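Labels for the chains are A, B, C, D, E and F, by order of writing; each one numbers its residues from 1.
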């Protein structure tokens, strides 16, 4: 099956190659978990490795902020814009929503002009400004997502987490039900430090890894690493050592191997 | 007693053969737990194994999405539709509700035309759009369910979970009280990975297994496997090793067998 | 003291013989815990063993549903109705409440005509439709309960639990304060399966067992069994092994007996 | 200092002799914890042992219910009423509140006619019908309590708990701040049974025991027994064995005595 | 730096000598934790030891109640009032707030007439009657506190806790942010009894002890004692034995000293 | 990359040199955690070590309070104001917000007149007075932050925590998403005392330490120390000893070194 690699090796492995084409993929995390970095890497890698031009749709930050953030990882966004392979568009949810309802709207024009195949929407949480009711929000996001698919785009939608350190959110009428995949970025406290965990919870129509992996935000972007070992309750944010490991830690690995 | 097998071997075992005829069966889960897959398997297997034509009622997704999802498991829905054994109907809760109140409505026509005996309603959570009050919602769903039974249908109703990782939901005036069976699909974190758990909590008028089973979403549909072993608190989503197993893990199984 | 046995041997033991005459007895549980079965057994056993005719008052389900459910346990309700020892009455909370305020109302007529001494009200939770405020609800239920007592009835009132797996509910102005006894049915996860627990929390004017017992819903009705052993936190729904038992499980019962 | 013994030996010990004269004493518990029994014992013992006539003010239950409940413990309330040493008065919070505002009101008349020195108010929770706002409720209860003190009464006010099994309630603007003593009755799950715990949390102007005691509701009233041993988290409702006791339970008391 | 000793030896040690002059000091606790006693001791000791006259501002209780409470500890408040060194003023938050806005108000007159340097405000929670919105409440309390400082007063403000047994309160816009010091009084369950814990959480502009100390309410006032030993989670209200202590309790202190 | 050191050695290490220029940096803590001290140190050290004049914007406390607080650490703010290197400005969120919308506003004048490069905003929580809706608050703070950046300022924004002892706050539409870095100050109960923990959760565009460090508020300002050792759940406020350390504490470090 055709895939849209994210350019993040470990994540592509977990996704069995990448996102499916023309899908909406939700990436959710608390402040500082690297949602935007992950999304930019998907766009940047799409352009430079897959030859798939891309769009970045931002509802709050100025394009300059993205240029700076990307530059920190050696990604020259202005150059890609000059080469007509990227457009960073600052707009509002209101305009975006109205635009997708008409033929030949602005977004469609952008897509056509650079042949965009990928889009980063940063962040879908701003749609809450338009729709403070959860059911309305869901309908609105669903319409938006379908508009993107009609334009042939594969999308990363970032979303801001509603809990800082791992509580279980209320997901009644959640937009996670209308997207094609759902990736969680979480803080995990281990040994008096905050590590980061990545989990692919859902991928519609394809297999995916189900382990909870550590990752780092490096000078080259998101770096997905091994799964956590010997801990339980990772997604709660405050895991504990499993007792087996605790005993080994205390007494050494002297037990008979079964 | 006559049964309507779901076509999922492990689940049919748990249900002592399948659902009872002309019942409404609630299947609840978070995003990515395979609610729709389970429902489609019930319909597909009904048509192809039991020779019972079926309907799929969808309130959000387009039929094409179901075709694609089913194709991934080797189930050719368009062919079944062409053979007049299946209808995938996209509609709204409003229309559906009004329709069931009249004799010879649209749904009744569909049932008559293909001789449908099964229906998948995906998802009943969309009735919340009509009824934001829980008591109203319950009355509305109850009326809908009775309408389906009057048409001779055995129904799977999917429902979206309101907690992501296993919290205990408020079930005041819950629709789980008006359905005939209630199946829970849950995420369970074990050894730094997300596994899935299936539990039959209720089956009116018949016995059922009460163990919490692991399951996988495979290329052939839902595959129900063994129960979990040596863990407590599975339905909380973050189970812990029981201490007996923890000691055995640390010291080996050297203890005298009692 | 005179007693009204429920016909469930283990429960009658726990209640020191059964309910007191002319009392209102609350039976609360989540979906699938067997509230209605317990209530029907109280009515059926009253008629067939104690020669006390009975009424079933239902606010949602059709009488046919009760016939079917009872038939599954070998209880022939239509025959009892034909013999004028039972009436299954489908009505609404509104009608019931108005009816009890007048002399010679409908319910009184039913009671007189068959000499009813017992009643199952299934479920009192439907009174929330009339009274969405907790204080109003309490007054309404209290008036209803007194009306039943004036008619000489001993009542089982089922109530739907507001938590699925054992959370601690808010009981401010709860109707449990105005009934004569209060029985809790709860799910308990043990060894990767859902067991059921029964507890008599309150019995006004009489002694009762205070242990938490296991029970099964069998083809002959509710079967109350032994108490749970070696677990703590049962009413939380996710009990843990006590450490004493955990050590014994791991090392065998080799410790000196103190 | 003069005391008003409750007649419950263990409780009087804990209170260092009993309640202080002309105080308001709050007794709080969930359904079935024996709040009313405790209050009746205070009244009955006052009359029969201390020669202090008493009143019972009830806002919901009929006097007959109190006669029955008391009879179960061998207390003949009608006889005491006939001897002009007791009055059981059914009224409403509205009437009571208005009454206390005037000189020579009804309550004052009752007090004068039988020389009442004690009163049981069952339950103060019914004042919530008058005042649904917490600040209003507090002012209202405070005024009521002062009215009782002006009449020279020592009062037990029962209150219904807002949690069933031991959660930590919100006590913002709670009436516990305006009473003179505060006694908690709680359920405690131990060894698969529900025991009951009693705690004196506060006694204004006097010392009191601070241990959490077990108690039983016997055929002779409330019987306060020893404190709990070897458990932690009793007031949470689901205590755990302390590890010291757990080890001793597993290995016997062979350890060197330090 | 000049200090205002509270007269409670252990607390003055913790505060490095006492409160700073012209500061507002918040003392928070559940019913029965001795907030008012602590405040009275600050006033009484100020008058009798430091020769600093003081005021007691009460919004609910009558002065007689304070006289009685103080008498129980051997403190003769009426005598101090007669000597013009103390005034116990019963008023309302409304009057107080209005009063502080004008020059030469009533409070200022009291301060001038007896040369008051200290004040106990019992309790600041009554300001919630004026301001049910948290932001308004904060502004109101802040204005009040500044008024007290303008009068040269060092203040103890008691506050009623919103949790009974140690839950973590919401402190959004809390008045704890506008006071100079913040002392918590908490219940702690240990060995089946309720002990009391005192913690100085904040002292603006000065050092303070950070340990959690036990205290008793004795016939001589508040008595602050040693810190708790060998327990974790004290401020949660239900601490547990640390495992080190648990092992020692079980096996004795035979381990090699490291 | 250019940095703006905070003057707190341990924190600058954690931030890899300090804040990035022209960024908004959120410092959040409960009462008494030293938010303002940290912010003042950033300003004072900026002026005295980096020769970067600074502003302090206060919405509640008077400048005199800052002078006093700073004096306690040996920082002479009035002298710096006299030297035209500092301005402490008391204003309101309303005025500030309006001011930043115009060219040549008051804040801009202050910046120009002393060449300010740094600003402490104490606290951003006061913007909630203007915007009680979270989405409005976020937009307002975002506009404010951009205004500061346009003036070339590097900002510390203090924020009041909404939990006292470590609960997980709701961060839906939180302003932490729009700032450049996010520092958490938390209370941690260890060995019956309250310690303080500091964590850098996010730093946009730069690396940062992820460990949770202890810190003290000393007579010389904030002093960041080593990370916590051997505890889990630090950010919950009530950490527990890890079992490895617990065993070592009990049995000594006799285990074979693996």
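What we mean here is this: contacts are C-beta pairs under 8 Å (C-beta built on N, C-alpha and C of every residue); 3 or more make two chains touch, one makes a residue touch a chain.
Fair warning: this is a prediction, and the values are worked out from it, not measured in the lab.
> How many links in the shortest chain of touching chains run from chain A to chain D?
The fewest steps needed to get from chain A to chain D is 3.
> How many hops, at fewest, get you from chain A to chain F via touching chains?
Minimum number of steps from chain A to chain F: 1.
> Quick one: which chains contact chain C and chain F both?
Where chain C and chain F might share a partner, there is none at all.
> Would you kindly give the rotation angle relating chain C to chain D, two copies of one sequence, based on a CA superposition and rounded to a multiple of 5 degrees?
60
> Is it true that over half of the residue numbers where chain B touches chain C are used by both copies, so same, or is it different?
Both copies, chain B as well as chain C, present different residues to each other, with under half of the numbers appearing on both sides.
> Where the centres are mean C-alpha positions, what is the separation of chain B from chain E, in Å?
Taking the average C-alpha coordinate of chain B and of chain E, the gap between them is 57 Å.
> Just how far, in Å, is the C-alpha centre of chain E from the one of chain D?
Measuring from centre to centre gives 29 Å for this pair.
> Distance-wise, how many Å sit between the C-alpha centres of chain A and chain E, to the nearest whole number?
Using C-alpha averages as centres, the distance is 50 Å.
> I need the residues of chain C touching at least two other chains; which ones are they?
Residue numbers touching two or more other chains: 243, 247-248, 251.
> With chains as vertices joined when they touch, what's the shape: line, ring, star, complete or other?
Chain contacts: single closed ring, each chain with exactly two partners.
> Any idea which chain B residues touch chain C in the complex?
Listed in rising order, the residues are 135, 142, 168-174, 176-179, 182, 199, 201-207, 210-212, 227-229, 231-236, 242-244, 247-248, 251, 255-258.
> Could you please specify the touching residues of chain F with respect to chain E in the complex?
Counting only chain F, the residues touching chain E are 30-32, 60, 68-69, 72, 125, 128-129, 132, 160-167, 187, 189-190, 192-195, 219, 237-241, 243, 246-254.
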